[in-house]
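Lettered A, B, C and D in written order, each chain numbered from 1.
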């Protein structure tokens, strides 16, 4: 039942959409059955792959950068009052800034290509990673650190072998939030500065009044979001199976 | 007191100073990066200008309407779904399917079906901001100590009364945390919606400034919407502390 | 921890093939912005490069799509692209406000007597006939600050309507104007080809005014390049503009190719395009893609007079004859 | 020998204001191989004192000397065992016990032999592959003790190690600890608020008073060893000591 839960919900949502489409009978709300051939054509013609690849490349590049810098920064924040004193106010300042809105400005600096989009994804996803990294590192049981120190572990060793694994459950929750945020920013940035990618596809199809295509790409994005989240969730569980289960954290973000 | 506050956010001051100096150094053209002092000055002027305030009011209306709906519906759906086995069974997969969907991708659908005015933007804010509220309400309601409910039931409280007078207050700390997250999301989303489909509002101001190469004016709406997010977040934090001193 | 490390390793490994393949280093690359409608010449270069002499042989093009000319102007000013579609007014604003330095090198869409002109339409049954009738209504324009936006403002002002106070303007792209009009969400909206033809075929839409009433002949869009690129790499721009001219001529000589490529780019079916594209029901196109500097000057003069352009513009300042397509 | 030389601790409050004195000039000598217990009411600073000896928390005044040398932070000569077990949750029982050996660069084969030895000592051989969250409290504490014994510290610093366990498990672990101690003859500095536990285990009991913590009495436990629970519980001297120290605690609280 739990296993098939998402499938049942999915079927229910599709049925709802079908019913709404049949009731409204307008071109701007095609039914899923009408969208299906369009979806099929997208994959059959191979048209979607280039855009899917372009989008995923930006998301992944932004993410790798964010992990490489955000994880160490977050952990240092959690362990050092001086670093926290420097970084925390900046985090608080940037937290409410609509990052995707910076795209037109970033485009002026970095051009209209991948660089500005990767940068904006990087900026957006780093925030939750740093924040949760800090939370995780700050909450590490002090006695774990003491035990390791008593066994001769040095300061760097403590960060790497004690703090990092001990903050992993919290850190990975941050990454899960970051995935959702990354998707949002990916779509928004591709839509504001259009070259290729799924965001471009959606809004371009809409601007061209290709409504079925619009819905077909939205379906692709929805599936992508679900697959990324579900895949990461499996990885997260495998990496933190040793930690007590937390129920309250499901992804949301802006 | 003020000195301590200033010292506690010295990195922000450092950043602003660096921005100012860099922008004035002549190493970057003014059109790419105007000095921060100019941006703040222009923000102050804008906030005293009728047309800008009208746009601000438009954005604020959409933001608050969407947020209010998200809070109301989110709490109701979250708490009610936590009460029955069927509700819990539906809730989780629903959130797992819809949670990771970047809602902004649905904006075209909203525009197509709801038009170009307030409604699609309010609905976008609603569907984006409802998740943190709903999740917080649902899991907090599930986590309420059963013995609290037993005690209330034993004292003669009806099941509905239990939800209203026991579960809801007990879940309130987490719900308020969820609302804080939702408020910032709402700010971001309403601005994005106005950027993507301009017409009026702060996002529209920004896009128009960008198209007319008024680079200072590009920063002004971003400063204002970020400020709005910051104020909302701070206010909600204050409410949480005031109303829920007991929760720690 | 081992698992985490290997996961990170796999992630980076998986990334490498995702990276878009860089253009071959041996060919110089030009970054070109485009938009819709009426850019068959550029779409032919994009989709049928094999037909032309220079493209993919002596140089390559990296294409960027934009929503209207103002974002292209921004990108040009920001040095994010080298060449792109411009309208007279976006160009003038980029010069005036963005300190843009560029040339006008090729023509895309023009309007003149006997050809199509962008018009604002309303539903047949509506009582709207004049600017006054639009008071209190919601009216659509395409991209604010774009090529046609100021014509609407100008027309409204002439009719005694203050566009800032008397009505509500919303930005809607050309393709959706028809749907929004029929759904009753806007009282009037702009029609350009091919969407005008599609709407006319379905019927029920009536013209309120067209842009040529304000000015004729009139230049909608032209191809513009950054001055530093044109001066610094004249061979690259010369090759591109030679192909541009060839493509313009090809589109006119082989309208079926133009229609096919337009259908590919805009996803509009061929049958619809076949009804008007490259005919007198479409925009006017110069036979060799040469800009009409006189009409551009007229547009600038009009909007300088009305204040939408702050400075005086002189078309002679933006010409580069040796890079501009010459009449055969 | 470990010498506490006028060790004191004051805390400054986060919001400013008067600093709080937690420990005032505590001096004591702890002989090698002795089992010394510190008892005192909760909040008297006995755990803080232990953390200072461990080198985890700096003293505000005075010094802790090991073999005449002042300590500089934690070291493998003083192995802690905490009430909270402090096991690494992402490591198995075996990996936890092995951690200190790896940190000390003990060769692989020797480390494996040592881990097996300790698994036998704390009767956890068949649980070696489990993770901490799969263990009961008593088992966790056995792992923690084994992890500390693994790298052969000369002194065990035990901070209410059995405080989180139920009465039955606590008694069992007390007996096991005594057996281990009698075999290995480590110096043990043991913190508890259980008077009977203190009397049952130690050679010497330091009684602390609260606020600020100071040593109020130093009592030698003149009970025979090896100790057997049933015999000892009936021993009149045992009962005397429990009552006497319990009364002291009441008047200091």
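One rule holds for everything that comes next: contacts are C-beta pairs under 8 Å (C-beta built on N, C-alpha and C of every residue); 3 or more make two chains touch, one makes a residue touch a chain.
From a predicted model like this one, the values you see are computed outputs, not experimental measurements.
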item	value
Path length in the contact graph (chain A to chain B, fewest steps)	1
Chain pair that, of all pairs, has the most C-beta pairs in contact	A-B
Farthest chain (mean CA position) relative to chain D	C
Interchain centroid distance [CA atoms averaged], chain B/chain D, Å	51
Rounded Å distance between chain A and chain C, as computed from the means of their C-alpha atoms	34
Centre-to-centre distance between chain D and chain C (centres being mean Cα positions), rounded to whole Å	80
For chain A, residues that touch 2 or more chains besides their own	26, 28, 104, 108-109, 165, 168, 206
Multi-partner residues of chain C (at least 2 other chains)	1, 71, 74, 77-78, 176, 179, 183
Two or more partner chains touched - positions in chain D	90
Chain pairs that touch, as defined at the top of this document	A-B, A-C, A-D, B-C
Touching residues (chain side chain C, partner chain B) in the complex	70-71, 73-74, 77-78, 90, 93-94, 97-99, 138, 143-146, 164, 168-172, 176, 179-180, 183, 185-186
Residue numbers on chain B that touch chain C, as the complex places them	29, 31-32, 51, 112, 115-117, 197-200, 204, 207-208, 210-214
Touching residues (chain side chain A, partner chain D) in the complex	141-144, 146-153, 157, 162, 165-166, 168, 240-244
Contact set on chain D toward chain A in their complex	51, 54-56, 73-76, 78-80, 82, 84, 86, 88-90, 99-100, 103-104, 131-133, 147-148, 151, 153
Complex interface listing, chain A residues touching chain C	26-28, 53-54, 56-57, 60-61, 64, 67, 104, 107-109, 111-114, 164-165, 168, 193-195, 200, 204-210, 213, 235, 238-239
